[in-house]
Amino acid sequence: MIIVMRPTASEDDIRLVLDRLAEDGFDWEVVRGAERTVIGVIGTGFPQDYQEHMEAMPHVESATRITKPYKLASRDFRPVDTVIDVNGIKIGGGDFVVMAGPCSVEGLDHVVGVARSVADHGGHLLRGGAFKPRTSPYSFQGLGEEGLEYLAEARRQSGLPVITEVMEPGDVDVVERYTDVFQIGTRNMQNYPLLRRVGEASKPVMLKRGMSATIEEWLMAAEYILAGGNKNVMLCERGIRTFEPMLRNTLDLTVIPMLRRLTHLPIIADPSHGTGKWYLVKPMALAAAAAGADGVIVEVHPDPDHAWSDGPQALTPANFSDMMRGLEGVVTATGRRMHPIPAVA
Amino acid sequence: MIIVMRPTASEDDIRLVLDRLAEDGFDWEVVRGAERTVIGVIGTGFPQDYQEHMEAMPHVESATRITKPYKLASRDFRPVDTVIDVNGIKIGGGDFVVMAGPCSVEGLDHVVGVARSVADHGGHLLRGGAFKPRTSPYSFQGLGEEGLEYLAEARRQSGLPVITEVMEPGDVDVVERYTDVFQIGTRNMQNYPLLRRVGEASKPVMLKRGMSATIEEWLMAAEYILAGGNKNVMLCERGIRTFEPMLRNTLDLTVIPMLRRLTHLPIIADPSHGTGKWYLVKPMALAAAAAGADGVIVEVHPDPDHAWSDGPQALTPANFSDMMRGLEGVVTATGRRMHPIPAVA
Amino acid sequence: MIIVMRPTASEDDIRLVLDRLAEDGFDWEVVRGAERTVIGVIGTGFPQDYQEHMEAMPHVESATRITKPYKLASRDFRPVDTVIDVNGIKIGGGDFVVMAGPCSVEGLDHVVGVARSVADHGGHLLRGGAFKPRTSPYSFQGLGEEGLEYLAEARRQSGLPVITEVMEPGDVDVVERYTDVFQIGTRNMQNYPLLRRVGEASKPVMLKRGMSATIEEWLMAAEYILAGGNKNVMLCERGIRTFEPMLRNTLDLTVIPMLRRLTHLPIIADPSHGTGKWYLVKPMALAAAAAGADGVIVEVHPDPDHAWSDGPQALTPANFSDMMRGLEGVVTATGRRMHPIPAVA
Amino acid sequence: MIIVMRPTASEDDIRLVLDRLAEDGFDWEVVRGAERTVIGVIGTGFPQDYQEHMEAMPHVESATRITKPYKLASRDFRPVDTVIDVNGIKIGGGDFVVMAGPCSVEGLDHVVGVARSVADHGGHLLRGGAFKPRTSPYSFQGLGEEGLEYLAEARRQSGLPVITEVMEPGDVDVVERYTDVFQIGTRNMQNYPLLRRVGEASKPVMLKRGMSATIEEWLMAAEYILAGGNKNVMLCERGIRTFEPMLRNTLDLTVIPMLRRLTHLPIIADPSHGTGKWYLVKPMALAAAAAGADGVIVEVHPDPDHAWSDGPQALTPANFSDMMRGLEGVVTATGRRMHPIPAVA
């Protein structure tokens, strides 16, 4: 940590800071500049808000942490990419994966139909919501465990592993019985009891970014899961809130190559929620691939006009097929390949 | 709902929309303008995302909901201010209340000492965290139920009712045994299972605004609690995220008079979290009072430099006393009064 | 325009609104719903803030404009893509163009050297700043007209047309003598006297998006130029401000396919300013191409560590060459081609 | 400046940085920590983007500037408050001033009438726009010099000094002939040619904050004016852009006590533009006073429903009078007074 004193700081003010550092067990070096004195604190393991404490001391201008607050999520800690194996699909290994399916599970035939369609067009995982976070208490909240059963049946019939959302610690056990990957939604990125609970689970977790989260907050949330012992965490960029009233969200692709430098975790993009409009999904999926994402997750519905939730952003199977062809081109052009379909899924 | 067709829409495109409305059981009127046709849909009870569905139909330019999506929280529904009685303290009744205490409960003597200090200087409720949401898994997470016991003892000795945070549905029962008011933190504003659970509880709830939440999202979150049967909900503005790197948050006071028109629920301001710096707390507390808030919640600590969390934003008892004197002046100048202290608390 | 009355509006309140509409020369239709009355105002040519006026009337809940406030920039007005011819380079015609060069012109040899390097690797236009908007009055402000002369000489030697920034109305004439395309920078997107002045000029204009501008504000700024008679306007997305402290800006690619639907104007992306870090430029340039941009503008410098401005985001010639190869692949994969180099530039 | 090397940095990487520092004439001290090496660069006068240059060097983790980039605007440079004398009205001297008037000057009788009304109710300066920045090229753009003449006549009849906006360098001379204070609008906060030009003028300048500007950017813009020789600069908070769709802007009062620590310049709040709704103006004006502002600027119009611009946010004279009474109470309660009206204005 670097502590910068104000020009007005006296020797006594500096002494007060050094005494506090000594009291807390840290070493330091003092650098006296033309106008200001700077204290370099040596060590690691600062309390999370030690920086703010130091800034509250008299005549301290600023305190700056120089080590990242996340460890297990950091590429400094693990230089090699994490590869997550989901029933033979390797996420993060260089190949590109596609997760697709309906926003909400609406019925058995519905989700089985979508699953087959996704599999037919080369998708790798089936997404679908059984527990739905909805802004209004009066909206459809998902089919619950019944929906999970339908997803399991759709997996059996399509061969696609399943990813589905879990919303509270008390539901982790039941969701784990059915799903292959847990999804943590954007509103729950900082739901720490839930993060701790999936950190103890044995299935991989896809952690969506909070709507206004910084990269550091996101990686700290991943750190909660990793610290619990679950090493199979992937990150999902799903659009940030911006000032643009025409768009539900703005898919932030800049974050993808930036994350690549900072973390070893796989990175997925969600152009459906990231834009909110079906006609923006294909161009943004292709752009995510070009920016280096490990995969995309998109919404597919046979009849988006009658979907029970998020219809306006869902692709029809025909549009999904068109996107897959486009992705194949961009993925190949950037020196990678679409993940092959496992022989026996 | 108002549906505006594009200039390019044909009679068939319009017919398609009208058929869909008929299928869904709505009436309408068609207004044919110079360039565009507009369809006024008559009725209420639209599904939450009906607007987006309509916008996804061919040649529809836009669809606009004209009724508010929240009902119970709306002043249209209840024109008279809600007044919440907490052991004789009336929140929302025109009088101004002050909640104060440490960020985290650090021990019995600690919280009893702060409570007495708050009571001595005219505070009305004691705040203090036993379950703490922390950005880092490696930070102090609160004393848990032990902290709740200390809060209860501090209430006994100081006479101040207690407000403390609950973070997950499974903790609501234990927290309810000790607290007088539940606090829902900013990261949990859209934790729907938790909102539903406190909606079934018998104690009042203070709902903090999400860091980037709109007014409508905030009132929809309140609606979850109200819809569960708990009518004693107060809102707490605690600072929004802005582009300013010098400030942890920006206390948004504009929202206070705006909320006053939209909802009957009491409105509290938190200038401690809303600024992150103790020297901004007093001016912003006074500003909140001038803007019409029903009260403030602030952090007080006998030794902020050694607080276990959020020290930089805590007031010393002397600073708290100074703020109370300032508040008294502004509250009186705006034609209200500081809430009297109940004779037997 | 659609005016929605509050549930509390009486017949007199409605009459007041209708009288005002009659006074202002508009027709209307009244739709009486279950709870509210809605007034559909027929006509166009509303004053810009007529909506806000209506919302300020008693018992009016909201007023919504249903026509776009921009006309000449709208695809409704001109369904066919605008193609801008810059010395034989066609911008917006489906082919992909690359503009490259130093942030600041630092000297004759410097800019001639960069120009040759850009031309050698297949770039189409030379960018370079002679008048520089700098956050600090103490930073290098550009070489001024001397810099323009160097750019002209670099064009002569490399064959590349030149794009350079103009910062105030009084400089438009001198810049026009040297440049092939005017650049309007992000801080000047709403500098209306400047927009009006380049609207009277004969050279094309590239209008960068303001750091927090909405799409509508951006297109309204383009409208200022178009309304002045200059039809050759292209839009440049250069990164928006977000909450991410690690990034100078966040390149917003979602805006590209959205703009494509709304306007006929060519769309360029600037991944150098849009990220602020050279190692993010290539992936974001490729992503912009995949999202459908008509071209990119990037910074190239032979020795970025010693550039006079914006060095950290500049590509070396070797990195530029690598980006060009990557772009070729993605552009081809998305069914387009890199713009051919004119035989005699 | 503090340069933090990555854990992976070798001695050669460190040497490279030190050589660059030596080349640029700086001294340093090296602090070797457990994991990382930190270089404290001694000196001032770093180029504006030296930080980013350093961050672009190999194996540099971060570089942090420890001196503020603004000097003349800083309270470190001038500890005593700047007091600006406008015809006997002292702005920044502890007393509270009120500037009021119409958004646009609409005619002679109109502005004289408003001026008299403002003076009658205790206002100190007359505001009014003759050159108007408008989002649409088709909106009313102001009366120009004719409007300035009407303002001058209104000053003669009311005794109130005048503040009015200047939008381009070429208009500074003509505006200076009529006005007492220049206003620089939010869209022009970083219009550097304009800032430089008013920096050479002899009249005071009120600099509005850009819609998404940080405090540092705002003070750097003030620095442009101060560096030109004009020491009479006041800052005006006029609302920032947030995610709230119900509000045109969000008046950021947190910035007021923060600025007070950082700068000696007077601070004004604009609750009219800062909210966009007349019914929010009074509470936010009172809140601004409670937060410590030196004054407010508000819009007053005899007939807001028929104002040529910004009617929805204008106060009627009756509402203005009500706000003035409220302000008197809050200003007095916070230990200050309303500025007395000069005997001969």
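By written order: A, B, C and D. Residues from 1 in each chain.
To be clear about the criterion, a contact is a pair of C-beta atoms (placed from the backbone, for glycine too) under 8 Å apart; a residue touches a chain by one contact, two chains touch by 3 or more.
The structure displayed is predicted, hence computed values, not measured ones.
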So which one's got more C-beta contacts, A-D or B-D? B-D
Max Cα-centre separation from subunit D goes to chain A
Give, as an integer number of Å, the spacing between the C-alpha centres of subunit B and subunit A. 27
Approximately how many whole Å separate the CA-defined centres of subunit A and subunit D? 39
Go ahead and note the Å separation of the Cα centroids belonging to subunit B and subunit D. 31
Within subunit C, the set of residues that touch 2 or more other chains is 212, 241, 243, 245, 277
Subunit B - residues contacting subunit D, complex: 212, 214-216, 239-240, 242-247, 250-258, 261, 274-275, 277, 279-280, 283-284, 286-292, 326, 329-330, 332-334
Name, in rising order, each residue of subunit A that touches subunit D in their complex. 2, 4, 6-8, 29, 31, 33-36, 38, 40, 42-44, 61-62, 64, 66-67, 76, 241, 243, 245
Over in the complex, which subunit C residues touch subunit D? Could you list them? 20, 47-49, 52-53, 55-57, 69-70, 133-140, 167-170, 187-188, 190-194, 196, 211-212, 217, 220, 223-224, 227-228, 241, 248, 276-278, 304-305, 307, 309-313
